[in-house]
C-alpha cells in the first residue's frame, strides 16, 4: 500500500506531467529540427509561428462556440485545428515567398537566415499581439479529466491521487500519431524521400529531377502543421498567451539540440530529456520517501536536490553534460 | 483647443515584455481617471488633461529611462509609473529626481525603493507587503489553517510579499512547509507543483499575478489534485481568475487592499463601460495614482511638481471627505472650495511613511465563480 | 625518421587501419599506394595528429609523437597537405604563405599594441620570403589574388608552397595529383624533387597515378585493408601478384572502340 | 567587396546553422519552355558564354556536342571551365549567351529538373551521392522522375556493378571512393537517360577501379547512349573516345577525334603531361 | 560613391538622427541615446570580435553583461555591517569547499582507472561534498540574509570607487568565459552556442536567487556613481552660476552635464577598445585569426593552436561585454537581475553586429548606435504611424482605438522590418568587412 502510494505520487507529479510536457516540447522540437535539417537554419520564428497558428485556432474555436458547435467530451479546439493549420500554412508559405526565398536563391549562408528569422520573429510577434492582444486566453472546453485525482482516490482507496487530464491524453496520443506519420512520410513516401535527398545534397537532388521549391513548400506545410498542433495542444493544456509562446522557444531548442539537430527521433527524445530534467531534479522527495521508509527515519527536510528556482539552470546543466559526452546529441544529428 | 494651463500626465508601463498583459489595463485605468477629470473641466482653470504613454518593457532599464526622458521633454507634469521595480528605480534615480519630477507607481513594491534618495518625489499606491503579511496570517489563523505551502513569483513583489506572509504566519504559530519561487511566462509549472505537493500543507498560498505564472500554478495544482484551496493575496484577486480557472476555485480566499464603500465596485463598473477589466492586477492602483496627481494639483492650485508634491499625502489621507472612483469632479470642487478630502479611490489609498501605502484590506472568497467580499480588516 | 608501429584505427566496428607498421627513411620520397579505402588517408591523419589511434605508436626521430595535436607536430617539422585543398580562401595568396611561420612576434596580442616596430621588420622579411616561394612555384602573378579564386591546381601549388615557408623535416602529400592536369602535375613533381634535393625534405606521397609515383618515389609502400601489403621499389611492387590483384588490375577488357 | 556577399564569416557553430549539403548552383529557374530547333548532334552546347552568379564569364563561346553511341571527352588544364561547361549544358548555371539543344529541341530555358525529365543524366565531379541514404535509396532517387516500375533498371544496374548489390542497404557515405563513383554512375543510369554526362568519374580511384569504370562506360555507350565525359586521366580517356575537346580558359582550343588529339604533340605537351 | 565616403555618410546620418532628437525633443534624450549607444557599441565590439573575426557564436552575451553588473555591486556598494562576521566567511569557506570537491573529483577522474570502483568513489565523494557544502553554506546564507532583509540582507561590496568595477566586470566575465571555453571549445567548436546559452541562464539564475550575493530579485539600488548627482549640482551655487552663464537653468544644466560626463567616460572606453582591436586585427595576430576562421583544419596543420586562439578571442570578447555590463549598471545606478533577458541582451546585440556589418569594428559601432536609436525611438514612430493610418477614421471607432492601443507592439514589428530591409539590401551589413 505504502509502496503503491509512493508510486502513484511519483506518477502524478513527475511521470504524467513530464510525459505531457515532454510531448509538447517534442512536437515543437520536431518542427525546429525539420527546418534545420531541410532548410538548414535554426528558425527563431518557430515559437511565434506556434503562437499565430494557435491564435487562428482560438479565434475559430470562439466562432464555433458562439455558433453552438461542440465536440462532445473533446475540446472544440480540435474541430478548429484544421483551420488553424491552414492559416499557419498560408502564413509560412507567404513568409517563405516574401522573405526566405530571396536568400535561398542568393545562396545566402544559413547564419544569415538565422538572423532573418529573428526579424520574422519580431514581425510575427507584433501581428499576434495586434490581432488577439496580450492576454491569457483559455479556450478549453469539454471534459477536463480522463480520471481526476479525487475519483482515483475513491476508486482505489489510496491516499494519493492520480490525475490524467484529457489534454494530457490527447497530447500524448497526438504526439505518437504525428511522429509515426512523419516517420512513415519521410522514409516511405516519394515526397518524404525527396525531402531527405534535398537535405542530404541540394545540388544532386536537383540533378535527380527533384523540384527544390516543392520540397521547401512541403517542409513549410509540415512545419506549419506541427507548430500549430504543438501550439494548440500546449494552449489547451495550459493557456494561450503570446509571450509564453516566445519563451517556449528556449526549451524547444534545447530539446532539439540534446536530441541531435536534424534528427526527428532525437527531437522526441530531447523533448522528454528536457521535460524530465526540469521536473525530476527539483522534485522534493520527502513525501515519496515518507511512504517508503519506516516512520522512525522519515526525512524531516524536503529532500530536494535543487530548489525550483534553478529548474531552468538544471535542465541546461544536463544539456551541457549530454553534449560533453555526446557532442552531436543523443541521436546523431546532421552535424557529423 | 489647447491652452497654456493644460496638464499632461506621463504613463510609463511595460506595454511590451513579461507583463504586457497587465500594462494595457493599467494604462486604461490611469487614463480613465485622466479623462474623468479632463471632461469635468474643473481642474485648475478648466485645464484639459492628456495622457502620454511610454514603454518600459518592464525589464529594460535603458528603454524605460529613455521613454521617461522623452516624457520629460514633452513637458509632462507628473509620471504614473513605472510598473516593475527595476525600471521604477531606474526612472526614479535617473529621470525623476534629477528633473524634480513626481513619480507615483501603482505596482512597484520593492522595499529597497523606500530607502532610495527620492527627494520626496516618489509615491506608490500599491499596498505595503508587511501589513498584508499580517492580515493574511490573521485570516489563515482564523480559518484554522495550520500549515501552508507558499509559492511566489520570482520578482521583488513576490519575494517581498512571500517573506512577509511566511514570517507573519510563523509568528502566529503556523507552519510554512516550503517556499518555492516560480518564474512568470514560463512554459510549464509541473516541477513547482510537484515540489509544493510533496512538501504538503493545508492550502497553497500563491503570491503571484493572476494572469501570469500564478494562474498557471493554480491550474497545475488543481489538475494534479495537489491542492484544492488556495490563498490569494493581492495580485491574485480579480475576476479573470475564477473565469479562467472555473468552479474548482470556489472556496479559495484571500485579501486585497480596499475598504468599505463603493471603491472597487464603482471602479469595476466604470471600467466595464469603457471596455476593460477593472479587476486586472494594478488597474485600480493605476487609476488612483493618476487621480492623486490631479487632486494634488487642484489642492496646490498648480501643476508644477515642486508645488503640488506637498499636497499628495494631504489629499490621500484622512481627515476629509472620502472620495471614491467616479467622484473626482466632486473632489475637485471640494478642493477648490478649500474643503479637505480623503481620497480612498479604488484601492483604498492611504499613504504612510516615506511615500508608502497602507490601509484596510478587503477579505474575499471565491463563491460560485465570483469574488465575494466577506469583510474588512 | 618516422616509424609507425602496429597502428590500429577503428571507426565503430570498422577497422580502417588494422595493424599498419612501416618506417620512412630520412631524405626519401616514399610513395604510399593502395586501393580505395585501404586506410591511407586515415593513417596520414593518425600520424599528423588529426585522429587519435585506437592503439599503436608513431615515433619521429625516436621521439614518441603519438596523439600530439597537429599544431605541435608542425613545430616539430612535420607538415602535411590535404587531399582536398585547404586554402584560406578569403586571404590573398601571399597572406596564405605569410601566415605559416610559427612564433611570429606579431601573433602575441601584447606586441600588436606595443611592439609595432619589431612586427614591421618581421613582416618585411616574411613578405620577401613569400614572394620568393611564389616565384619558385611560378604563380607570382597571383600574389594579391584571393586564394578562394584560383584554380584547383593552383591551390595545390599553394598548399605545397606553404610547406616551403618554414624548414620542414618531413612533408606528407595526400593525392596532390587527383584531378590535377597532368602537365601541371609534372611541374609539381619537379618542385617536390627540387625540395627533396636542395633542401633535404623527406616526402611521403599518396597517389594513384603510377607514372607520377614512378617518376618520384623510391621506396613504394602498398597498403590494403588497413595494413601494409608490400614494400619495395616500384618495379617490385608492380610485379607483386597481390598488388596487381587488389590494386593495379590488368587494364581494360573493352579495348575495342565503340560506335563508328 | 569580397566575393561572397552572403557569407557567414566562417561561422562553424552547428547548433545555429547547418551547412551540410547546401547547394552552390544557381540553376536555370523553373518555368522555361523548350522549342524545336532541328539539326545538329543529339546533344549540343552551342557557343556557350556564362559564369557563376554575377561573376565574370568563365565560358567564352564554347561549343560541345555528342551524338548517339559516341563517347566525347573534354580535357584541359585546371580551372579551364570543363566542369562549368558540363553544368551549363545541364542548366546548373545561367547562360549569358548560347544555346543547349537536345534531340532537336532548344532546351536552354529549361530548369535542370526538366532536363532530367527529358532524359539527361549527370554525374557531377564532387558530392555526387546522397551520403546519408542507403545505396538502394540512392538508386531510387535516380529514378525519382519515373512513374513506371523501375525494378528492371535497378536489376540492370546491379548487374553492371555487382558490388552495389552486396552493399545495397549500407549508407552510401560509408563506401570507398571507387564504390561511391559506381553509385553515382548507377544513380544517373536509373533515369534511363537518353544521354549521360560524367565529370571526372575516375578522380582519386585506384587503377583497378578506373579500368572497371571505363569498361562499364564503354558498355553503356554500346547500348547507344551518348556519353559526354570530362577526364584528367586524359590519355586513357582519349583512347576510348570518339571525339575529344580541349578547353582552355573557357574556350575551345582543340577539337578532334580521340586519336587525333593523342597524336597532336602540342596537345600532348601542354595538356596530357607529355 | 567610394567606400570610405559611404561609411562616413552612414555615420553622419546616425549623428544627424540623434541631433534631430536633440532639436525636436530634448538634448537630454539625445545625450542619453549617445550614452547608451556607446555602451551598446562596446558590447557589439565584443561580439564582433568573437563572431565577425573568429566565427564563434556567443548566445550568452546576457550572462557576461550580467556579470559586469555584479562587479558594479561588488566593487561599488558599501560593505553591509556585520554581514561578513555573520556568515560571509562561512559562505566563502563553503564555496572553496565546493570548488575543492570538484577539483579532487576531476583529478580522481583522470588518475583512477575506468570502472565501477572509480564511479563509486566519485559518487561518494560528490555526494559527501555536496552534503558538507550545503551544511556549511545554508546557515551562513540564512545568517547573512537575515540582516535587515528589506534594505540589505547581502554581503554588500567593497565600497571602492565604482569605476574600478569596469575592469573588474571585464575580469569576472573573462573568468566565466574561460571556464566555458575550456570545456566547450576544447571539445568541439559546434555547440558553443548552446553552452553559452546555458551558462547565461545559469548566471542569471544565480543572480536572481542568491540573495546573499546580489539581493536577488529585490535588486540592489543606489549603486554609487563616478559622476556627481544632479541634485548636488543643483544645490551648488557655483554650478548654478556656471550653468546660467551658458544659458541653462539649474535642472537642465545639471542633467545635461551629468550625461555629458558619462558620455565622455564611455567614449574614452570605446575609443580605447576600438584602438586596441583595430591594431590587433591589422597585425599578424589578426591574420592568424582570419586564417583560422577560413579553415580551422588547415590552420591547425600550419602550427596554429586553434583552440587556444579561440579561447583567447572568446575570453576577450566576453570581457568586453562584461566591461559594458558594468558600465551599464553604473549608469542605471542599480542592479536588477530580472532585467537580463535574452531578447534584449543577446539577440539585440547580434542584430547590432549583423546590421552594422560583422567583421568590421566600425560596422559594429555604427550598428550599436543605429539599433539602439531605433530600439528607443521606434515607439513614438509606431504611434505616429498608427495615428497616420487612423487619421481618417471616425473618432471613437473601435478599430481606431485598437490600432492606437497596439502602437506599443509596433515597436518590435518595426525593428523586424528594419532588420529584414537592411539584410535584403546590404546583406553583409551596412559597413561590411573589407
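Here the chain labels run A, B, C, D and E in written order, and each chain numbers its own residues starting at 1.
Definition applied: contacts are C-beta pairs under 8 Å (C-beta built on N, C-alpha and C of every residue); 3 or more make two chains touch, one makes a residue touch a chain.
Every value quoted in this text rests on a predicted model; they were computed, and no experiment measured them.
Following the contact convention of this document, A, E is the list of chains adjacent to both chain B and chain D. Between chain B and chain E the centroid-to-centroid distance comes to 31 Å (mean Cα coordinates, whole Å). One inter-chain figure worth recording: chain A and chain B are separated by 35 Å, centre to centre, where each centre is the mean of the chain's CA atoms.
If you average the Cα atoms of chain D and of chain E, the two centres end up 52 Å apart.
Each of the following residues of chain D touches two or more other chains: 2, 5-11, 14-16.
With touch defined as above, residues shared between interfaces to two or more other chains in chain C number as follows: 90. Contacts with at least two other chains are made by residues 190-191, 194, 208-209, 294, 409, 411-412, 427 of chain E.
Inter-chain contacts, as defined above, occur between A-B, A-D, A-E, B-E, C-D, C-E, D-E. Of all residues in chain C, only 14, 33-37, 83, 90, 146, 148-154, 175, 178-186, 208-211, 246-254, 257-260 touch chain D in the complex they form.
Residue ranges on chain A touching chain D, taken from their complex, read 36-37, 40-42, 103, 105-114, 190, 193-194, 196-213, 257, 261-262, 333-335.
For chain C in complex with chain E, the touching residues are 48, 50, 69-71, 74-75, 79-80, 82, 86-91, 95-96, 98-100, 102, 104-109, 111-113, 119, 122-123, 162.
By the touch criterion given at the top, residues 17-18, 20-21, 24, 154, 178, 180-183, 185-188, 190-195, 197-200, 211, 215-216, 219-220, 223-226, 240, 243-244 of chain B touch chain A in their complex. Chain B meets chain E in the complex at residues 15-17, 20, 24, 53-55, 57, 59-63, 65-67, 69-70, 72-74, 84-87, 89-90, 93-94, 97-100, 110-113, 115-117, 119, 154-156, 158-160, 163, 181.
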